[in-house]
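Lettered A, B, C and D in written order, each chain numbered from 1.
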Amino acid sequence: MARTPKPLIRTDIAYSTPDRIVVRGKDLPNEVLGHMNLGDFAFLQLTGKAATREQSAMFNAILITLVEHGMTPSAIAARMTYAGAPESLQAAVAAGLCGLGSVFVGSMEGACRMLSEALPDAQGGAAHADLEQIARDTVAAYRARGASVPGLGHPLHKPVDPRTPRLFQLAAENGMSGAYVRLMQLIGAEAERVSGKSLPINATGAIGAICCEFGFPWRIVRGFGVMARAIGLVGHLMEEGEKPMAIEIWQRIEDEASAHLRGEA
Amino acid sequence: MARTPKPLIRTDIAYSTPDRIVVRGKDLPNEVLGHMNLGDFAFLQLTGKAATREQSAMFNAILITLVEHGMTPSAIAARMTYAGAPESLQAAVAAGLCGLGSVFVGSMEGACRMLSEALPDAQGGAAHADLEQIARDTVAAYRARGASVPGLGHPLHKPVDPRTPRLFQLAAENGMSGAYVRLMQLIGAEAERVSGKSLPINATGAIGAICCEFGFPWRIVRGFGVMARAIGLVGHLMEEGEKPMAIEIWQRIEDEASAHLRGEA
Amino acid sequence: MARTPKPLIRTDIAYSTPDRIVVRGKDLPNEVLGHMNLGDFAFLQLTGKAATREQSAMFNAILITLVEHGMTPSAIAARMTYAGAPESLQAAVAAGLCGLGSVFVGSMEGACRMLSEALPDAQGGAAHADLEQIARDTVAAYRARGASVPGLGHPLHKPVDPRTPRLFQLAAENGMSGAYVRLMQLIGAEAERVSGKSLPINATGAIGAICCEFGFPWRIVRGFGVMARAIGLVGHLMEEGEKPMAIEIWQRIEDEASAHLRGEA
Amino acid sequence: MARTPKPLIRTDIAYSTPDRIVVRGKDLPNEVLGHMNLGDFAFLQLTGKAATREQSAMFNAILITLVEHGMTPSAIAARMTYAGAPESLQAAVAAGLCGLGSVFVGSMEGACRMLSEALPDAQGGAAHADLEQIARDTVAAYRARGASVPGLGHPLHKPVDPRTPRLFQLAAENGMSGAYVRLMQLIGAEAERVSGKSLPINATGAIGAICCEFGFPWRIVRGFGVMARAIGLVGHLMEEGEKPMAIEIWQRIEDEASAHLRGEA
């Protein structure tokens, strides 16, 4: 019997006809516009499912947490780019996004990966695993290879990252404070115990744990930071257009960095 | 009397202290998380003001309209990039954003610019200008220089872009159907009259007009498309990770494009 | 009579078979490697023609001039990006390139466009046009619309940009000092005369003129800056990897920019 | 005794004064332009040293090999981006570069890393190590963890990648066929022996080995691919501007990918 060949170029996200635009099975003008907020639509776009009330509250909070982190290297890169190509705002946002890699957004991905690998398939129900033992084993494994546990510690926010208790509170209110959140907390406590250092769970640790509660694959979690930060960067570029700082930054750096070559330092 | 020198490196968007994170004057954990949706926070990030209920409804609808437009060149570029560097999801989104320029997002910016230059300062109140005359003059000016009027016509959505009546309905329901929306409609009618062609107001024309009602400067309007599309692209990359098409597309194009050089065509 | 349909997906640049790799008609391993330098191969890739000895000397000099311009906004953006995603060196180079737009590379494109539009088809032969009159008309047209003449003036290199006489000397030695170089010089002199200011022809003005002598279309001239700067940026990233400055720059900017929000300034 | 604090923002690459531009200690107009080719200047920019005649020949050949690889995903991404933002050629090149990551350029970096870790400090002199034993151990280690040996095998170029013998020939002619090239060859032979498959050393394997002979750190080797490909991409965009294929590709993919959603397949 003939088998239908696997379709090789195929999307399940969206389609259009002359009078319709359908995204994830919903008629965009009539079933989405005016009925959903942007965070809910992001959830639909990514998962193919409409967010429940609880998922909506939690997912919007996660994304909002990731929008704006101050004058980051990413924001500086975007502003520098805009100074050179103000006609290409999209390229300035792109430049800012390019640096959201292993150093600055990676810990969110890392925390989600650590938790989902330590505790496969606990999403959506109580885990009967011995979470304390898993926490000890996990921290020991990171220490054995000389690596930091992702999602712990913050250079500024000490002894508590103020986003973390609020995110965990929202998780509890929305039925998403399960085994992964508990495991993250146990890992944090264990890491503090064995290191003797203050290692608060930071926002990326909290988000990593909640993403596990959602059941998101760890590979896509970085994407939440990327799409949220795109919003933040447009805000920075709007400000740069009105009150520029990029040229001043450039001139100071240029002057300082090559002073010794010019015989001035 | 001494004047305080102008501060040269200064942002008004956000700041952090050990126990606080404040964006646009609001305490992020306590005043934002759990209280706002992503679209509202984008409005706050960009304007420094909390959205009213009406602004929230309208701004979320605008951004949602811009998230997903199918297998666009932007989505294809992002998927191609992800195939080569799956460890750098952020760079794949960046690659997809780089093409949101004059051809595909430009008409939104163009419509907003056309309307705001034709009718300065009508935002937030009734314009007593002769809108019909302005519409005639505007269309005539574009025709005189052989240019298309931005925001009109669509290759697929004929005779009506289904997003436009819905966006205008939401504008009316939320008190934002003022002189700019009216002017866009008059310009559309005039362009159809003088060209003899069906030229429906497309989604970018509708959004351009509503952005004028908001009072957004036209230079930032492209940014709405950029930040919304970042969400859409993460959705495409999540799908590409699960059901890839990039390698198949590459091989077909490679085969076809150089067949004549290999003596096969 | 049947017409062959136009091939829609077709490249004339390169092809491969199991035992051959052919670029622009040349066997890469046997006819190119060991026989050409990188600038010559860039010329072949772009034009489909092997550079003459004179074209080789001139084109290599143009590209080299564009590689390294110090701690530019482009270099800062690349370094900032590398600090966040050191595993994605390619994305850091991409971020640095994104800002090579209208402000920093545009004047090269602008000069080439100005000259080629003022003097169509003079490439490769003597122009019998009245170059002095064209120079006066060109400068007058820019002044009439309040625009700067591209390719003139430099914030640091006064009264002479040291690259310009050398590039023009090389053009003369290689038979490329024709009507476009002469016109650029006349335009510079006329602009100084009518403005009363010192307006030396800068490197981008010199390169724009020489690109006209080559017959390059102005739309691709920006590309020379882009490909040369990619080399320069890899150099900056190699240095950033060994002696980083990005984190220090970030912290200084973060501290200064939000000091007033933290009540410190 | 007081110590001079470490300078935190400092470059050793280049500086300018009103009448001078100096890169890596050389006066750009007078000591570089007209005296070097682009590949040599890239070598100077990256290493701070003038290339010897042999280094010049070899380094130019390496970079040229990496410029043009046909209608790659990178070239397709760049063309797609250019179709949307033709006014931002730099962003189209940037988009094309973003995908030069672990899949397509990574094997070059991987080969260089494998060889330099297997044989530290053999650059510039004869290695007295037992290269055959190292080759056996290296291949065994990759097989033990189920990984492919980088730099071996090619989907099209079988049984020989035609670039490899030519690159190794040039290495021999220029005094750079030392222990690393020999080790790469032994690893290739060993991998073929234990796998029973044809695994020719591909161009990235050959380049990885020769980069070790140069003494380049493996982290920067990806950068050679990035800067070379920037040249290739400008060539593709020049062709796209004259004979576009991006819109045709887009429409075919859009039609095919969503046919099943429209009920057509």
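Convention: a contact is a pair of C-beta atoms (placed from the backbone, for glycine too) under 8 Å apart; a residue touches a chain by one contact, two chains touch by 3 or more.
Predicted, not measured: the structure shown is a model, and the values here were computed from it.
Undergrad: Tell me the rotation angle, 0 to 180 degrees, that brings the C-alpha atoms of chain A onto chain D, to the nearest 5.
TA: Going from chain A to chain D via C-alpha fit gives 180 degrees.
Undergrad: By the contact definition above, name the pair with the higher C-beta contact count: B-D or A-B.
TA: More contacting C-beta pairs are found at A-B.
Undergrad: Measuring centre to centre with CA averages, how many angstrom lie between chain B and chain C?
TA: Computed from C-alpha means, the inter-chain centre distance equals 31 Å.
Undergrad: Roughly how far is chain B from chain D, centre to centre by C-alpha average, rounded to an integer in Å?
TA: 37
Undergrad: Per the centroid of Cα atoms for each chain, what is the distance between chain A and chain B, given in Å?
TA: 23
Undergrad: Which residues of chain C are in contact with two or more other chains?
TA: Touching at least two other chains: 9-12, 14-17, 70-71, 85, 87-88, 90-91, 94-95, 98-101, 105, 245, 249, 253, 257-258.
Undergrad: Which of the residues in chain B come into contact with chain A in the complex?
TA: Going by the criterion above, the answer is residues 8-21, 23, 28-30, 32-34, 36-42, 45-46, 56-57, 60-61, 63-65, 67-71, 88-91, 93-95, 97-101, 105, 156-158, 160, 162-163, 165-167, 169-170, 173, 219-220, 222-228, 230-239, 241, 243, 245, 248-249.
Undergrad: If we count contacts the way the header does, which residues on chain D are in touch with chain A in the complex?
TA: Residue list for chain D touching chain A: 7, 9-12, 14-17, 22, 85, 87-88, 90-91, 94-95, 98, 253, 256-258, 260-262, 265.
Undergrad: Spell out the part of chain D that touches chain B in their complex, as residue ranges.
TA: By the definition above, chain D touches chain B via 70-74, 76-78, 80-88, 91-92, 94-96, 98-105, 245-247, 249-250, 253-254, 257-258.
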